[in-house]
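Read through the structure below, which is laid out as structure tokens, and then see the notes.
As written, the chains take the letters A, B, C and D, and residue 1 is the first residue of each chain.
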Amino acid sequence: MNQKRKIAVVITARPSYSRVKTVLEAIDNHPDLELQLIVAASALLDRYGSAVNYIEKDGFKIAARVFNVLEGENLTAAAKTTGIGILELSSVFDNLKPDIAVTVADRFETMATAIAASYMNIPLAHIQGGEVTGNIDEKVRHSITKLADYHFVASESAKERVIKLGENPEMVFNTGCPSIDLAKEIIESENLPFDPYEKYGGVGAKPDLSKGYLVVMQHPVTTEYKDSRKHIESTLEAIYKLDRPTLWFWPNVDAGADGTSTGIRAFREQHLLPNVHFFKNMEGRDFLQLLKHSDCLIGNSSVGIRECAFLGVPVVNIGSRQNRRDRGGNSVDVDYSQEQIENAILDSIKKGKAVSSSIYGNGKAGEKIAELLTEVPLQFHKTIMY
Amino acid sequence: MNQKRKIAVVITARPSYSRVKTVLEAIDNHPDLELQLIVAASALLDRYGSAVNYIEKDGFKIAARVFNVLEGENLTAAAKTTGIGILELSSVFDNLKPDIAVTVADRFETMATAIAASYMNIPLAHIQGGEVTGNIDEKVRHSITKLADYHFVASESAKERVIKLGENPEMVFNTGCPSIDLAKEIIESENLPFDPYEKYGGVGAKPDLSKGYLVVMQHPVTTEYKDSRKHIESTLEAIYKLDRPTLWFWPNVDAGADGTSTGIRAFREQHLLPNVHFFKNMEGRDFLQLLKHSDCLIGNSSVGIRECAFLGVPVVNIGSRQNRRDRGGNSVDVDYSQEQIENAILDSIKKGKAVSSSIYGNGKAGEKIAELLTEVPLQFHKTIMY
Amino acid sequence: MNQKRKIAVVITARPSYSRVKTVLEAIDNHPDLELQLIVAASALLDRYGSAVNYIEKDGFKIAARVFNVLEGENLTAAAKTTGIGILELSSVFDNLKPDIAVTVADRFETMATAIAASYMNIPLAHIQGGEVTGNIDEKVRHSITKLADYHFVASESAKERVIKLGENPEMVFNTGCPSIDLAKEIIESENLPFDPYEKYGGVGAKPDLSKGYLVVMQHPVTTEYKDSRKHIESTLEAIYKLDRPTLWFWPNVDAGADGTSTGIRAFREQHLLPNVHFFKNMEGRDFLQLLKHSDCLIGNSSVGIRECAFLGVPVVNIGSRQNRRDRGGNSVDVDYSQEQIENAILDSIKKGKAVSSSIYGNGKAGEKIAELLTEVPLQFHKTIMY
Amino acid sequence: MNQKRKIAVVITARPSYSRVKTVLEAIDNHPDLELQLIVAASALLDRYGSAVNYIEKDGFKIAARVFNVLEGENLTAAAKTTGIGILELSSVFDNLKPDIAVTVADRFETMATAIAASYMNIPLAHIQGGEVTGNIDEKVRHSITKLADYHFVASESAKERVIKLGENPEMVFNTGCPSIDLAKEIIESENLPFDPYEKYGGVGAKPDLSKGYLVVMQHPVTTEYKDSRKHIESTLEAIYKLDRPTLWFWPNVDAGADGTSTGIRAFREQHLLPNVHFFKNMEGRDFLQLLKHSDCLIGNSSVGIRECAFLGVPVVNIGSRQNRRDRGGNSVDVDYSQEQIENAILDSIKKGKAVSSSIYGNGKAGEKIAELLTEVPLQFHKTIMY
């Protein structure tokens, strides 16, 4: 009799959960796999949207919780959070004895999963390697690629890049991005199927959404730590000036989180924003519905590059955070400039929906990854291919 | 007026210190650089040869000591040692505020330096990237390459490999290996200039070295953790059978250290070894003198591949630890087999000295690296070149 | 020539800083002492009032910053924060090599200072031992007493209690509470010398303070973790019903902080509070001025028991947090009951100012402690007296 | 239906395990209790005798292993080991959710258990509080008493002391010392029932034990860190001079361990000891047999004061480590002086066996403690009694 392979997946943030939710479902449902779901870092914390609550509501069983976010308004805290993450995750792995550990994307603390697993001779799978963004996330992402044994990448160009990085091509799989799986489910949706104010609370005005609305999601950029307050102010001013119905999402925890959050709070104290509502977070499928029916997404979230490309939603992408990520035809890049942002939004509204692009996959990534996890050889030795 | 650049170098083990000693000297002596020497991990510990004592005797000022080795006979301890290293080093960097941090080679805990520095936006230099060995060290080495901003590599093939890894060629420098700098100083030596028993103590027999002798240095191989005892036994039996004057060096701390050490201890309790003397450690230049005048080095130390290639000392290289590292003409590779080891030693003695190879540099690495540290742009942004 | 004694004082929270500020000044000004001020834990964090900013504005030089607050909505985080504190403080002490370490009061993380110092054979002084409050703070306080070598207590009953705990009476000193030093400076003040809204910002209404006002400061009680939200609601409802000018201070970080904070936030969203203004924090002397000119302090802060006793300000003390602390004649104790709180406030206003009590000292504690720190023998051996 | 109470016992060292073994047995066998055995710190490490191997051989199921010993030849490592212990144990407690946590005696790292449990509102039981020894152990011991909710003490004087420390007399139980339980089992033994050389290996001479023999067990004393090497040399010289059959046990890990161990190793290298055999460790019951049939125990182990008092074995107690612990009539106290040690040994041999004393209990401690653990109220609130 075959034993099920135990797959430990570590989720460290709200957006990572949304991104890989269909992978978790597919692992959980697969007869040959046992899901060991570990929830860590900001995914456990109220002020970053408590992804853990959604995870539980979605019916996943949590195998371990790892509190490792060290508070502090500086980059040192990011390093220390990672150090504590290694201390804690190595104990968790020691208890759970997974056959494979899975780490997602490129946030700084995902490195803790990669180090704990690879140092403990646990085969390591990496989802979403090989992409290019040009900041600390990119260092982390490629560094994890060099620790990982299996690579589940989201696009052909990512696949080529991982192979160029010297990985064994037989262990690099273009599964598409699992975030597209969710987008696929709702692409035919004709109306927003819920009232966001009622379902998600939040604060601020409650503008009428029936004539179109904007969505804003802008995160601090780690390497531009000190500038994050100035950056968010350009966006705030553009939105303030346009004065259209707008739904604004708070940023993730990051080294500069407080610059961005502080900027938003200060702006709100000094300006009336009669058309802007603020949300802390939203369940992944609902968020995609919100985007699908919006006029335009503004900010620097990867959701603009990925899911919105598939959904055909226009995106105004601000600053360097998504630099060099593959683009569908739905987005326009602007600088941290009120004027550029404003004009790009007006242009986007004028042009309307873009055509759907499958550059980041066709909506089957979760199933493909689960299947691959049953098939890949269990190994933690590798050597560079050149 | 120009301020001196502050260069933090983190030394975590005895062999790393020997390897980069001329780099430390060159930084310390450079008018435009200030050396911030951080001694960490096993470099501080008595049972791994207290590199710190040699460092102080050599006249270096130590800016910080970091105790982060977690005891434990398992791989989890290696992960946790790295996590603690990040916690401690980030505080140290926060205090010292270096302009550049330098991490050396590929031991698991060197990753702590790389993460603390890169997460804190401190430009990171990596010495000895780009080499290939086929085990956890290799994962660590290439992973650090992807975090590092400057690469001081030891050979042309390492340089090509780092560039293939997507690094900016302008930031990849073939300086040669600094360990060759020391070898160069003693290459003309005609006699062993000290009595090793008197100068370094140690335990066991004190064979007459005047008619030739063997040197053994064999470390555990991390990915073959459970086998390290068996591996060392093949070597022990070969040496026992040959019964020639032999100087044996204890292994480093590593996840499997106790397998190797235990194997040696157990063998000693069961066998008389009238021709074998054991040392814990030796100052770098003295060790090279010892090798220079030996018949053959046996084991899996990189010193066999590097310094011995330059010195022309025959080497019997056992097992996978140096796999795919560039070779001069001085070494032969054998398996963990008593017979192969024995025969290879006898062959090597018969053939005698090899010709000196400069594949790992010409003896000027320390100076070159120090000079480069004054010249490279201070930057911590990078992006992959493809 | 005598060398100055190096005195390391670790400040971990805003209220602790206010309490010992005159001690820091007296050490800093003493010709035979050198202050090594270490700022740690919530004292560094924005959302707990950034005591560090006040510390710098007050002109103190900070020798080290220790970020050790682990985020998490549970008690585990308090334990882990203490563990990280020990890791970090032991490195700090190793660098600073203080002659004496000083820990203040009884917050959970002050234990980290006590353990790091006593395990490293650094003589440990404890300020404000010997008091009784009946919760986790009390366990911590007496536990630190048993690690400390010198005891600077705030009242005669505290002195007796520390001696009963088996401490050497020669090492127990009733210096009075240093918080009274600040109170003494302002006891003759006739008018509030600043506009709190202008100087400290904050949010909410800006009631007219000229006809009298209430001050509220209520912290969560650790051992009643789950109840902290319910507790704060009684107070909120009482204040809401009274509808008098009220200045409300946010609570400290504690395991239950989020219960209390969440309770306040939720209440504000559901009720208009046209007479209530919220502050995050206030410089110590200003806060005492605010109390001095208020009608009544409501809550469970020790400032009500201590400084307000000296100032003669009426206090409605809620719940168990100050249980069994010595009282002057200025306070009345009530349960977590809206009705009791409401009635006690009205009574207090009717009665008006109480007579000043010197039960917690006469305003010279800072100087006395500094002087004692020059005199006590430097020792870390002790044994229980019975 | 009653659920079993879950009792988490944390064992951190070989001697602690021996001491509480009958408690573990009694908990494990009790129908109303579930044992959650946590093995931590030096109890897991080979070079301190791997208590964990005995624990498993004795048939206990281990609920969690906690590696937290930080290597380092200094006191800082003791502090850091405790900090890491808190980080790890809080995760373990979070998983196991014990109803009561039990910490044993007074080694520095037992504080980690006390802090993790009390900060997490887990009722804490302390075994062997209230004793007096006059060094860092004593600080730790009484400090833990102030965190603990239940006190299982070993003698009447210990009980009185814990009550004087302000603990509720209803929660202080003189159960006797569980180490006496083992002594009771073997008190009628007439001959050494095993060959120690054969069963436990060890190194050195194998003197004939049939005409009587000495046992030595001397630990470093933490507060006399630097002197530990000198201290052990007095004992070594006395034993060397007496030249009688002697069985010597290596010391525990402690801050000064290396002083003591180094002293022993150096002495052995310089002197032939034809009558001395060295053991690393021995199973508890066997060790008591060895003592029972010996002429005299020399050193500073608490076994001399406790079990040997019950067994009537003469003891030469050296130095300050057992200062002020209650004595039976079997021991004599001497200084770190070769001459005093030598004379006391000769005297002891002349006098022969002492009468059995039950000052540390009558051999039922394990059962009493288990029974009490089913009965005590589950509470973590307490307040000092005066």
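Keep this in mind: contacts are C-beta pairs under 8 Å (C-beta built on N, C-alpha and C of every residue); 3 or more make two chains touch, one makes a residue touch a chain.
All values reported here derive from a predicted model rather than from experimental measurement.
**Q** Keeping to the contact definition above, tell me which chains border both chain C and chain D.
**A** Correct list: A, B.
**Q** Would you say B-D or A-B is joined by more C-beta pairs in contact?
**A** A-B
**Q** Just how far, in Å, is the C-alpha centre of chain D from the one of chain A?
**A** 53
**Q** What whole-number Å value describes the gap between the mean CA coordinates of chain B and chain D?
**A** Taking the average C-alpha coordinate of chain B and of chain D, the gap between them is 41 Å.
**Q** Of all residues in chain B, which are in touch with two or more distinct other chains?
**A** Counting only residues that touch two or more other chains, chain B contributes 76, 80, 84, 87, 91, 94.
**Q** Would you mind writing out the residues of chain D in touch with chain B in their complex?
**A** 44-46, 67-74, 76-77, 80, 84, 203, 258
**Q** In the complex formed with chain D, which residues of chain A make contact?
**A** So the residues of chain A touching chain D come out as 64-66, 84, 87-88, 91-92, 94-95.
**Q** Going by the contact rule set out above, which residues of chain C touch chain D in the complex?
**A** 75-76, 78-80, 82-87, 89-91, 93-94, 108, 111-112, 115-116, 118-121, 132-136, 138-140, 142-147, 161, 164-166, 223, 225, 323-324, 380-384, 386
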